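Take a look at these structures.
Next come two complexes, and both contain chain A; in the first it sits with chain B, in the second with chain C.
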Partner chain A sequence: MQRTEIRRKPRNRFRNLLPFWLILPTVVVILAIQVYPAFYTVWLSLHQRQPRGWDYVGVDNFQRLFRMGVFGESVGHTIVFLIGYTTLTLVLGFIIALLLNRKLKLSGLYITVLFVPWIIADIIVGIVFRLLVVPDYGLLSGILQNPAIFPPNGISVLTASRPPSWFGGFPFPPAPAMIYLIMASAWRALPFITLLLLAAMQTVSNEIIESSRMDGANGWQVVRHILIPLMLPTLVVALFSLTLGGMNGVGMVFSLTGGGPGTSTEVLSYLLYVLGWSQLEFGRAAALALLIAVVNWALILATLRITRVEERSH
Partner chain B sequence: MFSISRRRLDAWMINIALVIICLFALIPVATTVLISFKGERDIIRKPPNILPCDTPESAFDPSACRWSVEGYQRVLAPRPSDGLLPFTLTGNIVRIYIPNSFMYATSTALLVVFLSGMSGYAFSRYRFRGRQAMLVSILAITGVPLLTNLLALYHMGVNIRRAQLPFYDDRLFLVAVYTGFFLPLSVWIAKGFFDAIPRELEEAAVIDGCTPFSALLRISMPLALPGLMAIFLLTFVNVWNEFIAGYLLVAKNELKPAMFGLYEFLGQNIINLQVIAAACILIALPIVILFIFARRTFFAAMMEGAIKG
Partner chain C sequence: MKRAWTILVFALLLGFVFAACAAPAAPSAPGEAAPAAQVRDFITWYQYDEKNEDPASDERVGNQYLRDTIPQFNEAFAGKWRWVNQPKAWDRMTAELVAAVQAGGDVPDLFEMGSSGLTELYKNGALQDLREWASAQSWYADMDPNALQACTGPDGGLYCIPIAERPHLVYVWKDRFPEGFPTRPEGYLAAGERLKAEGLYAMTFFGSTDFNGNGATRAVFMAFASFGGGYDDGQGNMLLNRPENVAAVEFLRTMVQSGYVPEIAFAGGFQEEEAFKDASAGSFPTGLFGYRYVNPLTAPNGTKYSKGNEEDMLDAIAAGDVILRPFPAPEGKTPGCNNEVTGFGIPVGAKNPEAAHDYINWIMSPEQNADWVLRPGAGFPALLTTRASEQFQTPFYRQAGEVVAASACRPWHGSLERRPEALRLIMGAVYRLIKEDPSLDIATELQRAQDEYNAGG
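For the complex of A and B:
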């Protein structure tokens, strides 16, 4: 009796602590690579690099960032990009999901083919789309630069500057390069969004749709009054995830336009790179990183809330 | 959704629409493949033609096609050698950057599988204080993109480099950063896969005299293997495709990954589109082939991740 009691104790303690040991490495890695840098960014944003070290400057970095003309311009570009990108991807993704939402013999093949863009790196997608519109030699340039098709002078996507703005300084209508960037980004994001929406669509029961059919609703009415309301949480989650990805995706800008022509595709994520790594303005770059992070966190928390609400309602 | 009499017709229309959509999805890929097989003479033509198959007499003559592997030759830069193979590939992309990417992707994926396997199991099987809070925090961190932490990570990297630790170089730091960023999602995916394995199996093993830890190793791990494989593949692809961290966090060019090699290449070959296209194909091909053969695994991991995040 006594002996088993003694032998059991350390084993029990180890057993109780097992989950702790299993989780510890993960927690350490996440603290070091995700949490610590977040605080470090806050610290950086309040300091300024001097030859002898870092000086505390308070909110000076933020004030200097806001005073930069490029900052306001980049906010405008980011808004234009995000509106175009999310709208285009959601609408196309919804339509493709609607088409795939039947029992088709070839669905598996379609999904595999449609998914190829998702697996390709953003930097490669940027290059692939760039090759199509390289001035004079790109395959699409032959059509786009033809004055007979696009009067008066044809469009050269990579070199045409932004048309005069309609509302003060706001960059709308965007430069052709921005529209092209939106299309390329949407092309890459579409598969994921399509599959997300398809999964949500398949949870909408057929009985609801068929009974509304019986009551004489047409296809559009079914979509408008049944599918969209029932899929609303997923649509919002998709919108937030696109916004997150769009705000932070910088690879495509790098390889497709490099922020140009001029600054017409310089979005906030690219400005962060310009400030932090080519102008070496660490303080201002950290202030910008912090602003982007705050928007990210708002989106993440909103998404968490929505998925929680959804879980509760199911 | 539509009445029965029209069902067959509708199915046809939908199939046609989907085929057209698939073609649109593939056009950019197909044109890149086409460009990569053109010679310089056909690349710098105005106006550009889609296939290099025209002759002065006719617009399309299949027998006159001028396909060329010049682009691939210039990326691979084969030189004759007297080793095991009659030639060696001396292009920077195949000699330096692709092996680097392979090393980063493999080591990160292995680390992530190991760590997320352990913690996913703990989250799935044990109820302990702070479990829910930790899970929600990990879920929230999953959404945090690399970009906003990059500046701080860059300065951390500079500080560590300055300390001149023995055996340390930027490769270690980059793998740590990738692990930190792809781990949170994987923890959720792993937890989902472990949740699907019935607890009773382990309990039976423990009753038969197994320790909980060896029950984990002998019973749950083999059953969770498809899930862990999915995490491995997803992480591998994510790291392979990542550009900005590999570009900014590593100081020496010869330690940078393939996506940087491609970006560098883009600057060196402004007119030689066939060379750029060939480089893109060579770097993307392994991933596309991997995806086509393992698509079920990918989708399983993705849906597991998408439902939560």
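For the complex of A and C:
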């Protein structure tokens, strides 16, 4: 009896440890490509490079970041961009999903065509949208810069100055380039969001909608009181995806406006790119990356909190 | 039995992981003999790509240069070095090198670089000090001292070997200025008014804040320097707010706000060149190397230069349609311009610095030097004896030489060490003043940019 127990022990130990060994490769990969870089970013944010090596500078990188004139501007631009981008994409995505949900003829074709922007790299989308509006030479510049169509002087999207701000230093109303950037970004994100919302819409039972109509609900009431509440988890996922993508994406800004004209489309992610890869200020770039990460977390937590409250109230 | 299967599956999984992670074997071309054991790879990072044979590529000159010279070098050093070039994007090379050096990754043996990026590479510990080695070479005494100075780091070390100097000047459509290209700012403004009445522009220039404010190295610096100003105080501090700079900004602001500059000058992406290509803008202050990128051309008289390569501008100059001139300067001032150096650095951690030494000596040879300067260098030779050679007596180089002789050219950065940060601040301030909000007080904005830079030390 005792010998059998002794023989079983190694086998049990192996069985107990097997899950650990199986997840070990994943853990190692996560440690290597996520946890280590995160700690390294914290370390970098407290150091500054000198020819002989790294100097510990405490919070100096953060202080220098806050002293930069363009930092405050970038925060404002990021807020304007995120609000415009998420709102436009969600509203348009929802409307298109509603249309596609009507079982139109050739709806499969529409969905396929709709998906095209999603498969194009954002940097390419930026270049194409840029070529459309290059002043004097772009495909649409003849229309946009025509004073008869857009009085008094026409619009030069990539070079027009921002209008006077309504709220002190906050960049609102945005420059035409920022509006164009929002439109281009929304155009690219629209297919994914539309399909996401369409899939969620198709899970809503027709019986509920039909019975609400029999009770006299109009189209807007069906959307407001049935579709939106039932689709709320999906809407939150869409909002997450758009907010985080908009917060961290740099390709579109890089290729479409280069942060310009002036600094009028310079968002935080682009500033991060400039600090790290143009100015080689890795310490300050790491400090900014940490701030962006904190904002990302705050956004996620706030959205989750709002969603829970909404779900409870329904 | 079950346990044996589990172990087998686990072992297989590990096998897959290790196989996936293992370095792939170096591919060898079929029929190609294995290289002799003593032949080592000499790795370079150029902004050019010898494998890119696209005739429409912006970098076709450099690409072709590498295609031509890689076999020559390999032949000259047969049995010793085999040149392997790794092409890099011009505006990412510095960052990639710094990242590679700091991460302990693979770095090239030789790095093509400009003097503008020197301080970032120096500060990040990415380059070797070549002073001791270079000063022992026969060509060292023949170097233009200004070029050597441009390659000197803050500690006095020599961090690059200069091969070509690239001054800035003004490309001019001769017929747009029938009374001659103005030598004074007032004349430039008068020409602007005249051309505006014809639906044309006096000048196009890199007026955007694109490429981290690179415009501040071009026409903006030419204007500042020609008015007697500059960006630094000679002690490493930024000095923007001074009367000469204020006057230069006032001049640029008048040019822009009066409509003497096309809107595309502010679009970024080097699209300001379009207005010179079709001659809608009469002049284009930029680097000497600009001739390579600005094509095809249509002259004001309708002549088309449409080979679609660097020969278009050279042909237009030879035909007299395009002339080269210094930037207009006020009475009593000398036209100013930026002069940068391009050459080579040897990164810290290079596996074969001897190969880089051999390569630099090879490039300094009379057979190779002029070729490098004329093609990838697109400037004047840093070696004084090469300047006298026949290749630099063409109409293009003769005119450029006259412009440089009539100008006071110097590196835009002067004593500034945080150059990318300085560029961005300067160009941002100038853009706001001349384009975005012409009602802003010039001295106040220049002072603001200056204070931000000087506080950042």
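A few comments on the model shown:
Here is the rule we go by: the second predicted complex is superposed on the first by the 267 of 314 C-alpha atoms of A that agree within 3 Å, B and C clash if a C-alpha of one lies under 4 Å from a C-alpha of the other, contacts with A are read in each partner's own complex, and residues count from 1 in each chain.
Everything that follows uses one rule, which is that a contact is a pair of C-beta atoms (placed from the backbone, for glycine too) under 8 Å apart; a residue touches a chain by one contact, two chains touch by 3 or more.
Keep in mind it's a predicted model, so treat the numbers as computed, not measured.
Superimposing the complexes on chain A yields a three-chain arrangement in which chain B and chain C clash. In the superposition on chain A, A:Pro25 makes contact with both chain B and chain C. Contacts of A:Val134 after superposition on the shared chain: both chain B and chain C are touched.
Of the two partner chains placed around the shared chain by superposition, neither chain B nor chain C is touched by A:Ile226. Of the two partner chains, chain C is the only one touched by A:Thr263; chain B is not.
With both structures placed on the common chain, the touch criterion links A:Thr159 to chain C but leaves chain B unconnected. Of the two partner chains placed by the overlay, only chain B lies in contact with A:Asp122; chain C stays clear of it. Between chain B and chain C, it is B that contacts the larger number of residues in chain A.
Shared-chain residue A:Val70: touches chain C; no touch with chain B.
In the superposition on chain A, A:Val204 makes contact with neither chain B nor chain C.
When the two complexes are overlaid on their common chain A, residue A:Ile96 makes contact with chain B while staying clear of chain C. Common to the chain B-facing and chain C-facing surfaces of chain A are residues 11, 18, 22, 25, 130, 134, 136-137, 276-277, 282. The part of chain A that touches chain C in the complex is made up of residues 11, 14, 18, 21-22, 25, 49-53, 64, 67-70, 130, 134-137, 145, 156, 158-159, 161-162, 257-263, 274, 276-282. Against chain A, the residues of chain B that register as touching in their complex are 1-2, 11, 14-15, 17-18, 21-22, 25-26, 28-29, 31-32, 35, 43-50, 115-116, 118-119, 121-123, 125-126, 128, 134, 136, 138-141, 143-156, 176-177, 179-181, 183-184, 187, 211-213, 237, 240-244, 248, 259, 262-263, 266, 271, 273, 276-277, 280, 283-284, 287-288, 291-292, 295, 298-299, 302-303, 306-309. Residues 11, 15, 18-20, 22-23, 25-27, 29-30, 32-38, 40-41, 44, 96, 99-100, 102, 104, 106, 110-117, 119-125, 127-132, 134, 136-139, 141-142, 146, 187, 190-192, 195-196, 199, 209-210, 213, 219, 222, 241, 244-245, 247-248, 250-251, 254-255, 269, 272-273, 276-277, 282, 285-286, 289-290, 292-293, 296-297, 299-301, 303-304, 307 of chain A touch chain B in their complex. Chain C contributes residues 3, 6, 10, 17, 91-92, 94-95, 98, 102, 120, 122-125, 155, 208-212, 262-264, 266-269, 271, 274-275, 418, 420-421, 424, 428, 431-432, 435-437, 448, 452, 455-456 to its touches with chain A in the complex.
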